[in-house]
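Right after this note come the structures.
Presented sequentially are two complexes of chain A, the first with chain B as partner and the second with chain C.
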Partner chain A sequence: MSKIKVNCCGETCPIPLIETRKAIRKASPGDIIEVRGTHPASKKEIPMAVKALGLKLVDVKEEGGEWTIIIQK
Partner chain B sequence: MAEKLTIVVHSGDMDKIYSTLIIANGALSMGMEASLYFTFWGLQRLQKGGLEKGSLSKMHLLGIGKSMMKQRMNKANVSSLERLMQDFKELGGKIIACEMTMEIMGIKKEDLREDLITEYGAVGTYIQEARESSVNLFI
Partner chain C sequence: MFDEKMIYLDNASATRLDERVLEAMRPYFFDTYAVATSEFGYSQGIEAREALQKARETIASRLNAGPEEFVFTSGSTESSNMAIKGVMMALQKQNKNHLIVSKIEDFPILYSAKNLEKQGIKVTYLEVDKYGFVDLEQLKGSISKDTALISIQHANQEIGTVQNIEAISQICKEKKILFHTDATHTFTRLPIDVSKIPVDLISVAAHTLHGPKGIGGLYIRKGTPLTKWMDGGFQEFNRRAGLENIPGAIGFAKAVELVTAQENEQLISLRDHLISHILAEISQTTLNGHPERRTPQNANITFHFIEGESITLHLDMHGFAVSTGSACFSRSLEASHVILGIGGDHERAHGSIRFTLGRYNNLKEIDKLIETLKEIISELREISPLGKD
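Here is the complex of A and B:
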C-alpha cells in the first residue's frame, strides 16, 4: 500500500478533478491518494467524484484557503 | 442506462471547444465514459495545428476579443485546449470524426490529428453512442 500525493495548488477548473482521477487510475486498491489544492469548487466536487467512483473518502480539511482531501482506493 | 456522456461538437469556436473539453473531462473524472462526435466547424479543430485556432463565439472583434480573452485565461491559469485534449485521451475518452464533413470540406485523414481520433463514422455511429448515453449535448 503506497501513498500518492497530488499537488493542485493554484490550478483551476477542471484540472484538480482531472489530476485526482488520473492519480486514482494509477493507484492500486488500498492505496492512499492525497490531493492538495486551492480551487474552492473542487473541494466539494472531488468528494462527489470519489462517491461516484465508489471509493472511500478518508478526510477533507482546509487551512488558510488550502484544502487537503484524502482518498483510499 | 449506462453512465456515459456524448457530445456533438458542431461549433469550432474556441469558447465552445473549451466548454466541450471541460464537460467531457469532468464526466471522465467522475467515472463516466465520454464520446465526442466532431462534425462541421468542430471538425476543423481536429485539423493539424487547428485546435487553438477557433474564434470567440461573441465579441471576437477580428481577433482582438480573442486575444483579450486568452490573456484573462492565462491570468486565471486556465489550461490550454491541447492539455485538456491530452487529459481527455489519457482518461479514456473517445473521439469520432464525421466522414461526411471530411468529404464536404475536402479534409483527408492525413490532414487530421490522427493521434487523437478513435474512429471515423457517420450518423449511425453517433446514434449508437447516444442511445447508450444518459447525457447528450450538442455544442
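Here is the complex of A and C:
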C-alpha cells in the first residue's frame, strides 16, 4: 500500500478533480491518495466523485484556506 | 470503477466497432492482404482490387452516385481538406479566389479556410441564426464573380442542426458555383441523393457508423475540377496517391450496409426521450440546435450555472461517456465556436453537453442517464459559484 500526494493549490475547477481522477486511476486497491488544494468548490465536488466511485473518503480537513482530502482506493 | 459497464454516449466522436464489420475486414488482413493490382498482376492482388471496387460501389450507391465518383481517404478531415484545397487550387487559375463557409463548420473546413486565407484566398464566414441555420439571402448576397466554392455542412458536429442543403445546392447550381458539404454526421443517418441534390463534393467517414477509424471518402461529381494535392502513385483514379486501405474500405462498406431505417428511427425515439425528459425534469436547461431539424443521434443541452467539464467528469465517475460542447477539456478556456455562433454567451457555451447516441444504446440506459443527471446537476448547482445572485 502506497501513498500518492496530489498538490492542486492555486488551481481552480475542474483541474483539482481532473488531477484527483488521474491519481485514482493510477493507484492500486488499498492505496491512499492525499489531495491538497485551495479552490472551495473542488473541496465539495471531490467527495461527490469519491462517493460515485464507491471509494472510501478517509478525511477532509481545512486550515488557513488550504484543504486536504484523503481517499482510499 | 472507471470503464466498467460504461454507457457510451459520445458516438459523434467515435463508435464501437460492429463485430460484423470486423468479420468482414478480417480476411483482408490475413488472406487477401496484397496490394490492389491490375489484370497484369497476381491473383491475390486482383482479388483485392475487386473487393475494393465492390466496397466503393456499396458506399457510392448510398449516395446514388457512381463508383468512379467516390474516392477513399483516411477520414473526413482529409476529405474536406482535399475538397476545399483541391477546388480552390484548381480554380485559382481562372481567377476564382473566393470561398464561402459558415462560421460553425467543423475544424477541417474552418482551418482549411484560414490556411487558404494566408495564401491570398478571400473567405466569407457566414453567420447563422439561433438554431444554427445559414441565412439563404445572406448566402446569395455573399456570392461574387470570384466565388469558386461554397462549403456548408449537412449537419453540425456539436448541435446536430441539419442545413437545407437542397436549397443551398440549387443556389450554387444557378450561380455556377461548386458546392461541398461535410456529411460526417449524416451519412446513412439522413438520405442524400446526388441525382436529386446538385451537390458536387461530399465528405463522409466510417468512424461515426460503427465502422473502423482511419477510413473515409469524398464524393466528387464527375467533371468537378480538383487539383491532386498528395503526390506519389496513381491510386483512386489518380485523385489520391498512397496504398489503399483495403480492410478499412471493406469495413466502411459493411458499416454502411448495416445502418437501417429502423435503426435511425430508434435513434430518433431515444434522442427525443432524452431531450424531453431533461428539459422537463431539470430546471435551467436549454436545448442547443433545432428541435426537429437535427440529426437522429444528437442531443446538445446547456445546463446553466455549471461548467460542462464538471458535468462530464462527474458523469464519467458514474459510468457515462459524454462530451462537453466546449473545447476546454484541456487547460485552455476556449468556448465552443458553435454555441457562440448561434448567439450563446460564454456561460451557455461552457455549460453545454453533447450526448450522441449509437447502435448499442437503449431506453434503460437513457433513463439511467436522466436520473444520474438530476442528481449530479442538483449537487453541482449547490456548490457552483455561478448564478448565485
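Going forward, the second predicted complex is superposed on the first by the 73 of 73 C-alpha atoms of A that agree within 3 Å, B and C clash if a C-alpha of one lies under 4 Å from a C-alpha of the other, contacts with A are read in each partner's own complex, and residues count from 1 in each chain.
Going forward, a contact is a pair of C-beta atoms (placed from the backbone, for glycine too) under 8 Å apart; a residue touches a chain by one contact, two chains touch by 3 or more.
Just so we're clear, the structure is a prediction, and the values are computed from it rather than from any experiment.
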Of the two partner chains, chain B (first) and chain C (second), which one does A:Ile71 touch, if any: first, second, both, or neither? neither
With the two structures laid over each other on chain A, which partner does A:Gly10 touch: chain B (first), chain C (second), both, or neither? first
Between chain B (first) and chain C (second), which, if any, makes contact with A:Ile33: first, second, both or neither? neither
Touching A:Lys22, do we find chain B (first), chain C (second), both, or neither? first
Quick check on my understanding: which residues of chain A belong to both its chain B contact set and its chain C contact set? 13-15, 17-18, 21, 25, 48-49, 52-53
Spell out the residues on chain C that touch chain A in their complex, using ranges where they run on. 1-2, 307, 309-310, 313-314, 316-318, 331, 376, 379-380, 382-385
Quick check: in the complex, which residue numbers of chain A touch chain B? 10-15, 17-18, 20-22, 25, 48-49, 52-53
Chain B - residues contacting chain A, complex: 22, 25-26, 28-31, 76-79, 84, 87, 90-91
Give the list of chain A residues in touch with chain C in this complex. 13-15, 17-18, 21, 25, 40-41, 44-45, 48-49, 52-54
